[in-house]
Amino acid sequence: MDTILQGIKEGFYLILQMDAEIIEVTVLSLQVSLTALILSALIGIPAGAASALKKFPGKKLLLNIVYTLMGLPPVLAGLLVYLLLTYRGPLGQYELLFTPAAMVIAQVLLATPIIWGLTARAVMALEQNVYDTAATLGASRRQAAFTLVREARMGIIAALTTAFGRVIAEVGAVMLVGGNIRWATRVLTTSIVLETRMGNFSTALALGMILLMISFLINLMIIMLEKRTFRYDNTIQIT
Amino acid sequence: MMKLRGKKSTLIMALLAIFMLTAVIGCGGQQEESAAPDNQAAPELKPLKLATTTSTDDSGLLDYLLPEFQKDTNYQVEVIAVGTGQAIEMGEAGDVDVLLVHSRAAEDKFVADGFGVDRRDVMYNDFLIIGPAEDPAGIKGTTDALAAFKAIADKKAAFVSRGDDSGTHKKELTVWQKAEVEPAGEWYIEAGQGMGDTFMMANEKKAYTLIDRATYLALKDKYQLETMVEGDEALFNPYGVIPLNPEKFPNRDFEGATAFAEWLTSEKGQKMIGEFGVEEFGQALFIPDAK
Amino acid sequence: MTIPFKLHNIVKRYQEREVLSIERLEIPAGEINAILGPNGSGKTTLLRIMALLLVNDEGRLEVLGEKVNWSKGQILRLRRQMSMVTQTSYMFQGSVYYNVAYGLRQRKVSESGIKRSVKEALEMVGMSAYQEADARTLSGGERQKAAIARALVLKPQVLFLDEPTSNIDMASAAEIEKHILAINQNWGTTIIMVTHNLFQAKRLADEVIFLHEGHLIEKGRAETVFDQPRDERTAAFLRGETVY
């Protein structure tokens, strides 16, 4: 218990000092994870909505696969991307291994099933009435799809925050495909591993605290963005 | 349809977009991205990918040598520290330019199979057997590593192995072999982790373990294990530097890899290696032995 | 075009059970039609097929003078000339304004045009005060009035109503009935209404359609059919007996 408290105290000091390496590592973590989140959302939200709304053979199987991939172990995702990007691998010629781009790719692999699966669930939870209303008011199929996604936004926002939490906190994927190279592909989580390995527990704790703070702030931003675009509160009132 | 209200949210969106773009722009080549504080009027830096072991990286030797190397040659070395097995794999896959590892048998095979060329000796450090103060196997102070291992096995005293095909692990297995003991049983714990983590685990379990001097000196103040056995030649740990074969891997920077190997084995490099650790620990962590 | 709806041999099945089977039904333009019948008689199914929300399994359907081939383009075009109000109208998340403006936005009407039309529509139903209110906080009667405004603002040729006043207070119900009459009289909108309320049907309808177990058993002018039903089942239904 002592070590933890001691570590937390030293951690705060380190944060206040704002050393260049800690800033670099924090910024890179955000860049990689936010980029991955946005790309995954661009793929996952339409895919989720389409999976929920369209009828096609193998629909149940596909969704089952997506739900399973929601739990894809990060280190496995990292290994798969690594094998893709290695020099002898299918995408080797692009020399993406050990770059932030590779880290983004691996995290997209992790985040997309989450956003896809939860969006599909959120849209499937809507009632037929929602579509009927949109349709009878003259919405085209595409417009109705947008409307359904809009009406399911609470579930979709949950999907985004879940996916973000997953990728900002994972270490297996970014360690493998990034290589934890100092000043280049080192992020908060891989730094925590390194510092722990070297026995620098207070630094490791400091990095951990920064990670949590960032997570908190980003989620706050997502919620505020939601409040700005949709002024109306939809929570159930209980008395 | 979704309407973004207010200029504030547009501003936030814009900031986010800019933030994101810097990642994308920086993600191709690392030099522009590099925020290393030493880069004032930086001349064109060339990247060089080095695969090495976690114990080498953790010792701090590279943090000490590489800035000097960069000054002399303008090569910015990107260190990827993994287990020996993975480092060699990365070399065979052609994902790095040069290896710095300590596993002679694996190194020779690497060159014999044509993956690497011009292997050079660089330095050696040694391993120690460390263990709990209680010393259940009664080996403290002996200089015979083989006998010590035998005693540990006989007494079934807890022993934590790297278990990860690393240089340290291979060394450990060689000693078991020479001592004619097959380590197995509940007392023999295969961690599958790096040296620092293994040290931590051995400390927790009050067990013996084999550790390189550099890591031991760097971490010993954090843990309670003590030196049991040292100095036996069987515990010496030589390092080799191997550039990747340019014929097999034309995409790799053979010139840079050679520059690195030559620098390490040059008088200046060897001198720096011999000085590393003296100030902090009173003894050198590595003995330069380039031929 | 005087006959907006022509149904020939329309059949709809739900898991092998026939829920609707109508040999022939024609609905002329400009009248108020009420569809009556016991539960399970297929009223809502019929309504949804005519509103192009449900595809018939067999038969030929003509809507607004076109033979329906269920192609995307045709459906969209036809739907945009009709609209619907259901028993518990779903309000989209947002303000009443957003909801009433919805149909116009899908049709890419200019924002200034939308503003004007929404204001008018809300005035018509007496809901101007609620324009910026959260649509989810409306009472039953208010919500149905908003739904009417939302449907009206589109100036549809046909307006479908599925038990629009079943769940609301008498005062609002009376107001809504007034609006329905006004729409029909002022704009000539064809109105097709499913209702359980015989009195409402008597008050509003020009033509009445009776369904029983998916079949059309009677159709006639409101003045006569209630007093002189031709089918025994209709008579039993009107007497309030359960009809099997």
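As written, the chain order gives the labels A, B and C, with residue 1 at the start of each chain.
One rule holds for everything that comes next: a contact is a pair of C-beta atoms (placed from the backbone, for glycine too) under 8 Å apart; a residue touches a chain by one contact, two chains touch by 3 or more.
All values derive from a computational prediction rather than experimental measurement.
Distance from per-chain Cα centroids to the pooled protein Cα centroid is smallest for A.
When the interfaces A-B and A-C are ranked by C-beta pairs in contact, the top one is A-B.
Chain B and chain C have centres, each the mean of its CA atoms, that are 76 Å apart. Chain centres here are Cα means. That of chain A falls 31 Å from that of chain B.
Taking each chain's centre as the average of its CA atoms, chain A and chain C sit 45 Å apart. With touch defined as above, residues shared between interfaces to two or more other chains in chain A number as follows: 150, 231. Shown for chain B are the residues in touch with two or more other chains, namely 1. Residues of chain C that touch chain A in their complex: 48, 51, 53, 72, 76, 79-80, 82-84, 86, 88-90, 92-95, 102-103, 106-107, 134, 136, 150-151, 154, 160.
The touching residues of chain A, when paired with chain C in their complex, are 127, 129-130, 132-141, 143, 147, 150-151, 153, 230-234.
Looking at the complex, you find that chain B touches chain A at residues 1-6, 8-9, 12, 16, 19-20, 22-24, 26-28, 30, 33-37, 49, 54, 58, 78-81, 93-95, 194, 196-197, 200, 218-219, 222-223, 249, 251. Residues 20, 24, 28, 30-32, 34-35, 38, 86-88, 92, 95, 97-101, 104, 146, 150, 179-184, 196-199, 221, 225, 228-229, 231 of chain A are the ones that touch chain B when the two sit in their complex.
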